[in-house]
Each structure stands twice: as C-alpha cells, then as structure tokens.
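I have a structure here, written as structure tokens, and I will follow up with some questions on it.
By written order: A, B and C. Residues from 1 in each chain.
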Amino acid sequence: MSLQAASGALPAAAPASLLRRLLGRPLAALALLWLSLVLIASLLARLIAPYDPLDQDLLAMRQGPTPAHWLGTDALGRDLLSRLLYGGLPALTGIVEALAVAGLLGVGIGVTAGFYRGRYDRLIVQAVDLVMSLPAIVVLLSILSIFHNSMFAAMISVGLLGSVGIIRVVRSATLAVGSELYIEAARIAGLSDFAIITRHVIARIAGTIIVQLSLFAAVVVLIQTGISFLGLGVPPPAPSWGGMIFDASSVLNNDAFMLVPPGVTVALTVLAFALIGDGLRDALAERWMQRGAGKVAAAGGTAVSLSGPRRAPDLEAVLSLRGLVIHAQGREQPLVNGLDFDLMAGETLGIVGESGSGKTLSVLATIGLLPSGTVVSSGQMLVAGKSYDLSDPRHLSVLRGKVLGMIFQEPMAALDPCFTIGTHLTEVLRARGGLSRGAARARAIELLREVKINDPEDVARRYPHQISGGMAQRVGIARALALRPLVLIADEPTTALDVTVQAEILDLMRGLAASSHMAMLLVTHDWGVVADICDRALVLYRGTCIETAPVAQIFSAPQHAYTAALLRANPHNALPGTELPTVADVWQQQALVP
Amino acid sequence: MIRLILHRLLVSIPLLLAVTLLTYVLDSFAPGDVAATLPQGQTSLKAYLALRHKLGLDQPVMQQYGHWLWRALHGDLGTSYFSGERVVNLLNQRLGVTLSIVVGVLIVCVSAGLLLGALSALRGGIVGRTIDILSIAGLAFPSFWVALILIEVFAVKLEWLPAIGYTSIFASPRLWLMSLVLPVLAVALHSITSIAKQTRDAMGEVMGRDFIRALRASGLSETSVIWKHGLRNAALPVVTVIGLVMISALGSTVFVERIFVLPGLGSLAVEAATNSDIALLQGATLYFTLIVIAINLAVDVSYGWLNPKVRT
Amino acid sequence: MNDVAPLLTVKDLGVTYLLKGGRRFEALKGVNLSVAPGETVGLVGESGSGKTTIGRVILGQTRAQTGRIIFDGEDITHADRARRRALGRDIQVVFQDPYGSLNPVRSIGQTLAEPLLGEAGLTRAAVAARVADILHKVGMPADTASRYPAQFSGGQRQRIAIARAVIARPRLIICDEPVSALDLSVQAQVLNLLNQLQRDMGLSLLFISHDLTVVRHVSRRTIVLYRGEIVEEGATESLHENPQHAYTRALLAAAPIPDPARQRAHREQRRMGDLTWRPEP
C-alpha cells in the first residue's frame, strides 16, 4: 500500500508523450517508420507478395526490375520482391528470440552483479570474460551442426552469447550508479534492495540498456543474415535475406543487381535498430534533463552593470587588463562584463567571487584557454610591454609558461597520468627553455627542490598517482615556474587541499613570490586565503567587478553592500549559534544596482 | 609487467579447458554422429558399434574428454571423421591463411582507425562527418556483402585483383599480397570504423580533461599536447576495443574465407559443421580459442605498457 | 550533558579496510563518542581522518570490526536488515555533494516520499501533504515536487536533501560536510536552516566537517579526529580558546582568519610557535 502511495505522490509523465517525443526526432522517426514497414510487410507477406517465393519462372531468369517483377528475378526466375517479403519473418523472429534471451539475462545478471558486487560479481566477471573470448561464429557452427539447421537454436545461442556483452555494459553502469550518494540515501531511508534496483538503478541506466539492446538487435540481424548466407539455419530453397545474398554471389559476374535488394534491406534494418536506441534514450532523458527552468536567481535577478570612463592601460603594471567581455556562445547575457584590472610588480591580486561570478573564466581568458563554448568578445591586455587582443587567442600561446604561468584547483587532475613527474618538467624545459636532455633533467630536480620537495630525485621518477595532492600542487607550481614567468596565475590553488596543507602551499607561494619578485593573480572564493596572501582584492559578482581595494580596506570598510554582506555571512565573524545574515537578504532589502 | 603476462596466461588455462569441455559436451549430443560417415552397405548395428568403440564414443563423456585432452596436450587432436586425415595436419595447413588475414586486418584497422579517429576528434567538420557516415555504413552492411561488392568492383569490373583463391607467401609474395587485399579490406572496413569511432570519443574525452589545459598553460606546443599526451591517454580505452574488434574480425574470416575461397580455418570450420565432422570442429574451435587468447594477451601487454597505474 | 541518557553512543569503534594487495588500512581505532538528545556534536578532521567512516558505520553502511553502536539504549552495531530499514526513520543523513545525492531521473516528490515508505497506512494524499509541508519548511516553492534535480541550484538541492532527511521526523541526523560544496552566501542559508530545524524538531545532529569555523557555529561540543583516533574532545569554545593537543593547535593555526591584520599575527604565531603540523609518515 505504502509503495503505491509513494509513487502516487509523483506526477508521472503521460505515457503517450514518449512516442510523441520519439517522433519529434527525425532520425528516430524514420527508423521507427522503416521497422514498422518491415514488420507489417513480413507479417502480411502471404497476402501482399505478388508471387509464391518458390515459384520458378524459367522464362524470366535473372531479370533486372520489370513491371512484372519490381525487383527482378533470380537465376531460377523466382520473384525477388516476394522472396524478400517472405524472408522478413525468419529474420524478425530471430531478433525477437535472441533479444528476449539476451535482454533478460543481460539486464538481470548485469544489474545484480553490479549492485551486489563481492564474490557473485567476480564470478560473473570471470564467466563473462570466458564467453567473450569464445569465437562466437565457431560456437554457432557447432550449435548448428548439433541442432541440425535449427535457426531457433542458433538464435537462442546468439542471445546467450550476446548477453555477456550486455551484462558487461549494464554491470559497469550499475557499478557507477551504485556508488552514487542517492543510492546510499535510499538505503538509509529504508528502501528494500528490490525497490532500489527498480526505482533508482534501472530508471537511471534505462538509456544505456535501451541503446545496448538496440545495438544488439542490429548485430542479430547481421548474424541471422550471415547464418542463412552460409546455407545454415534457413536451408535453401526457403527464402531468407542471407540466402538471397548467397544466390546473388553465385551469379555475380552476370547480374550484380541481385545484391542490391537484400543488401539494402539488411543495411536499412540494421541502421534502423541502431538509430532507434539513441532516439529512445534521448526521448526518455528529455523529461529530467531540462535544466534551470525552476532555478531561482540567488540575488533577485538584477543584472549588475558598471559603466564609467574606461581608464587607459597602466604602463607601470606588469599586466593590465581592459574591457574584458566573455560570452557563452549564443547567449546575450555576458559571463564577464567589462572587467579591468592592473597587476603591479611583486603584487598579489585576489579575484574573489562565488560560483558563476566569472572569476576563473577571466584568468583563463588571459592565456587564451577558455573552455569551448565560451568566447572573448572583446578585451585588451598589456603585458611584458606588448598589447594583446584577447578576442584572438591564437597570439596568446607565446605568453604561456614564459610570461604567464598557471596552477589549477585540482592539482592531481592537472598532471598527465601517463607520464612521470620528471617528464612533466623536462618536456617544458626542453621544448620552450631550449635545454638539453641532461640540463633539463638537472634543472627539473632543482625546481622540485625550490618548491620544497625533500627527495626530488625520487619524486621525479614517480607517476602522478603515486604522490599526494599537496605534493601534486608543489609539482604544479614547479612546472608553472619552470620558465620563470612574470606572473603566476593561481586558480583556487588550495581549495581541494586539507587546511594544514593549504597553509604550507600558501607559505610556499608567498615565499616564491617574494624571492623572485613575481606578481600573482589568485582566484579564490575563500576570504581567509585572501586575508592571508593578497595585497589587493577585486570582488566579482556575476561577471562585473563591484569593488577593488587593498585587502585591509576591503575587510575593514567594504565599499559595496554585497562585499559587506558576504563578509557578514561568514560564520567566522558571527556569534556561534546565531542566525547568520544571508546575502540574499541584502539584495532584497536594497535593490542593489551600483 | 611479467606478473601481468603470467596472470593472463594463468587465467587462460581455465578458459581453454572450459571452451574445449563445452564444445566437447555439446558435440557429444550431436545427432547422427559417425554413422553418417560409414560407407554404404556397412550400416549394420555391429559395424556401427565397432566403430564407436574404436573411436571411444561408448565411454562416458567426461572420460572421452579426458582422453581427448590428454592426446591434445601431446599434439594429437584425432582424425577427421570425414576425410580420415589427422586433424592437426589439416588445421596447421589452414592456420597460415587465417593468421595472414587477421594480422593484415590488425595493421590496416589500427593505423587507419587511430589516424582517422584522432583527426576527426580534432577537426570535426567534414572528416568527422565522413567517419560518422562510414561507421554507420560499416556497421550496417554485412562483411560478406561488402566482400561481394569489392569483388564486383575490383575483380570483375576493374580486374585489378584476383576475385578468389590464395597463393602462399612462399610461392609468390606479390600474388600472396594481392590475394589478401580484398579479404582484408572486406573485414577491415567494419573494424576501422569501430576503432575510429572509439578513438574519436576517447580523444574528445581526453582533450577535455584538466591536464590538457594545464599542459597548454605550461607552454607546450599543440603538436606535443595532442599527439604525445592526448593520443597516449586516448589509446587506453581504444586498446580494449581493438581486442574486441579483432575477436569479431576473427569471426568474419569464416564468411570471407568462404567467399574468396581461401583455404583457412574459417572455411574449414564451416565444412566441418556441414559434414558434422566433430573431431575437426573441436580442433578448429581449439585453434580459434588459442588465437583469441593470443589477442587478449597482446591487449593486456599493450594496456600495461601504456598505463603506468597497471605497470607500477 | 551527563544528566541525560545519550541518544547515541559509540563505544570503542574500530574499522579496518582491506586494500588491494592484501594491505590493511585502519580507518578507525577505538573511537568513543556520544550525542545527547537535541544536541549538536561537531566532528572535525582532515581527509583520511576517518570522520566519514564514523557516519557510515552509524548509518549501517560500513561494518564495524570492533566496538558497539548504541542508539536509544539499543545495540544496533549488527542490526539485521529489517531492523536497519526501520531505523531509517530514526537516523537520517545529509551528504556533502548536493548533485550526487539526488537521483536525476526521479522527481523531487518521488525522492522525498522514500523515507515515508516504511510508515504503514499512509495514503497517497497523506504522502503528498507531508511532501508539500516539508518543502514549505525548507523554503522551497510548492511546485518543487513535480520537478527534477537538474532544475535546481546546488543550494536548493541541499535544501531538498535536508527535506528528505527530516520528512520522516528522525531523531538523529548525520550531516557529512553539508555545506562544504556551497558558496558562502548559500552556506549561511543552509546553516540557518539546519539550526532552525534542529530547534523546532528537537533533532540531534552529528555534524561532520573539515571546517572548524563552521563547526564552531553549529555545535556546543567538538571532537577532533586524526588518523582514525580522537585526539581531543570538549566544549567548542574552550577547544578553540585553549586547544590541548598539538594537532588541534596545528589545525587552528593553519585555518586562515578572514581579517588581514589578525591573519598576519596568526601566521607569525604559527611560524614562531612551530605550529606547522608534520605528520609522522
């Protein structure tokens, strides 16, 4: 009772709309049309076929298409269209048989193995590996010689053999879903395994299952045709698609057209099966994939825009940015809207903002590495005495490494797992620094020592997965400094690290910046980090700079209400246990448009 | 690394046992066994039973299998019921042809597949769309149909290459090569597109990973980022697919050898199946399984070589 | 807190994971803690400290090798499946990742109804009413139930996850880094919501976090965990003002203060007092 009660709480999507969504996709609609056509024509072959498929007309042998025989005749004068229609049923029956076996076994075993893991799963994996290594066609030949020419036996075997492929995919999809937190939450909520499997796992991987089954159906068509091509399963003279291709092959020299009707029919059917899966998956996902429709803007949706006279680039600055505008492709609203800043020699400038403020995009734009789908619409950068147009990222690659070095938020993900730490450094030193192999090697060790790694020779030989996150960030810094850049850009460099490690990394960065008189551009959301290492801070809100000032001033006397609200929202500054002032309140109280 | 190879070899033993046992047990249910092979006029029950006894078919299946396995370990796979020849000799004569095709397919589809896949991942546009269309066509048309079309075009119409038949490499390397071109192409077309598609997906995924951006930011050239780091990482998932593609290509040789009248293992297996020549079919299955094991071993070794997490 | 019988007691809890290659990893080594009814206990530790493992053992998701978990006087260390499923109504959880904790293919209404499945005799209408009521309590619009997770922001999803945790009126909630993935502005809202629900419903919270500041804000009592062992435990204020263990001191010294002048002094103090934590390998 309670089960139904729960599902009643949800407004289920109307079942009819799935077909409509499917038909809304041209390729899927065509595939569905073709399959329905084949199905109906095969079922009605007796009624609609113009001739008996075995009738020989020795006066009309090997004719191409004629008004009497639309698709022509074969070497015995049999009507090709009629044979094609009659050949449809064994093919479709075979698909249904194989698909039923493979689907039941594949999904059943795959889901349970992935869900329960442990010994049962290991056993299944072994068995799957074993069957995967069977040369399927040879096994089928054995089956066909035992169950003499039984297409049914062959198709059941195809289903058995094919089920392992589906088990494999369904199992790994289930494994991935099984480690999701919502499965754990459902378990904690007291759902039974059966309920979790049907409601959460299968619902989540339905798309994968459908695509696998449809691809398998496509393969079954090919195998069924192949078996009848070999004269097994559907023994001649009974009509079959594969048999028709074999008939055509025996008269290849005289009449190649005979290859066309069965070949094209098979190909279109295979194609239709392959395509309909994709269509079904997408149509199913459409319901829950649509994004953001209900998203409430965090700050009352007021667009912030700052306009004023744009200052000329500061010639004293190491890096001077003017009028940076970044758009998502095809969107009107800019992600970064007219950002200016100057970074002075030896200075550390913090770019502070919450998610979606455009802080990371802004620094990525300076080295021309914006993610695909985002573009710089306009922006000028003055660095190392030269001016660069940021909307043309091709010219920016010369700056990378030599003028602007960069470190990233996920230090481990920033290293190529296939190469050693040493290689990461030497390849840069050799390619851009012009060092020889030996010199690069020595310099790499020196760099690792500079970032306070105790046993640099040992670390250089290791692969990324063999070092810790803090160590990986030190390596990242060493690589960024390899070519002695003027500016170090750090994108949330300590966010992924433990607080004790963060302190060490920040100490290291502060020390390196001071000793080499290097300027730093630090992107962060953490006001503690800003207070610790920055000289000046720039507060970004929705792509617009709302305030920039020396850190002492930002913290003691923030000019903008948003900055003040953010600082107040930090529990560090609140009395424990009290209600924290939230930023949304501020936007609501005073419709803040600077 | 050596442990990896030893592990795979160790795992292969139960595989080999399971496959041979499975086919052996299945085949023992085959109707009409050797009686069909007796000469006309000798189909008395006595003669039939005598033959069964001579072949050991009156013993329990497991015992027969034990005997078969014992002899197999000593290089004896019995005699063909149909031709009376030693199965090992028949198989060894045919092995070279099938291996030639498999190796040819491997070379063609790996080089073409990786290149096309990487190109289409990077360029998109026309190359990408062409590979899409080709991969759909490669999937949709049966390999034997493609083989027939190739014969029609290159052998019948253009007369560039032989339509059927096989020349040993020892007789004439040039004719050997020419006799292999069409069969290899017929099988490879399917495999190339699978590998290209996989490479494209893997490459697309890898090029979106964080470390690619970090490598670019460190100042490395695009060439180095793409072909050294991108392809190396993309190769990992592709290697697994190459193994599966090669196993399925091995299956396709059955059809292609028949169409091109090549004296390989595949056509031998079809003959054995049509004649219910069980001993021969078992032998052929064993050989096919051995080739599969070799493919799996090669996949494991290359995977370990490419992936330091496995190696270290 | 000694005058009230604790709602949850963890006694001498030990968990060992088997790693690849037969190596063993001791995630927890003899942990003792208790949570009183209506109390919030903060559990602080860095990665690898075992703080998440404690939560998982209490929730029955990881097996304890040694020790006991006592909930409301009942030993639930080795509760059978049926008892565990029933306990789902009493002990709930809020995870860190608001994206992974909601199944994208299930509507919010379906997800929120799950903890109610164990309650006998609830009609459809009653379930729908409970869902609507709890959505109102966490400040989400009424039409939320028919929507899917993809349509909500991280902060909104965390509100929904909290709604799922409290809908069956549990007595204890394990909060595993519930605000770590959220922006400062959203974090404040979620902390306020948790505080308010705790007061209104008389909940006990085990608040797991790496962030001492957040823990100080929500809990009167704090436990510091390091490599599977409790190194310090006590009233939150005294723990902050007068930390006893070297690791707690290092942790406090490493956390930056959002005030440049104070942070400079704080940093100098860390360096002078050699408060940089150097873990033995």
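Everything below uses one rule, namely that a contact is a pair of C-beta atoms (placed from the backbone, for glycine too) under 8 Å apart; a residue touches a chain by one contact, two chains touch by 3 or more.
As the structure is a prediction and not an experimental result, all values here were calculated from the model.
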Those chains which touch chain B and also touch chain A: none
Chain of greatest Cα-centre distance to chain C: B
Distance between chain centroids, defined by C-alpha means - chain A, chain C (Å): 31
Where chain B and chain C are represented by their mean Cα positions, the distance between them in whole Å: 54
Touching residues on chain A, where the partner in the complex is chain B: 129-130, 132-139, 141-146, 148, 218, 222, 225-226, 229-232, 242, 245, 248-249, 252-253, 256, 259, 263, 266-268, 270-271, 274, 364, 367, 369, 372, 397, 400-402, 404-406, 408, 410, 413-420, 424, 427-428, 431-432, 463, 465-466, 476, 479-480, 482-483
Of all residues in chain C, those that touch chain A in their complex: 46-47, 59-61, 84-89, 91-93, 95, 97, 100-107, 109-124, 126-128, 131, 141, 143-156, 161, 164, 168, 183-189, 191-192, 195, 210-211, 213-214, 216-218, 220, 236-237, 250-251, 253-263, 267, 270, 276-277
Chain A contact footprint on chain B (complex, rising order): 11, 14-15, 18-19, 23, 26-27, 29-32, 136-137, 139-142, 144-145, 148-149, 151-152, 156, 208-211, 213-222, 224, 228-229, 232-233, 244, 247-248, 250-252, 254-255, 258-259, 266, 269-270, 272-274, 276, 278, 281, 284-285, 288-289, 291-293, 296, 306-309, 312
Sites on chain A touched by chain C in the complex: 1-11, 180-192, 195, 199-200, 203-204, 206, 285, 287-296, 298, 354-355, 498-500, 502-504, 506, 525-532, 551-552, 555, 565-567, 569-574, 576-577, 579-584
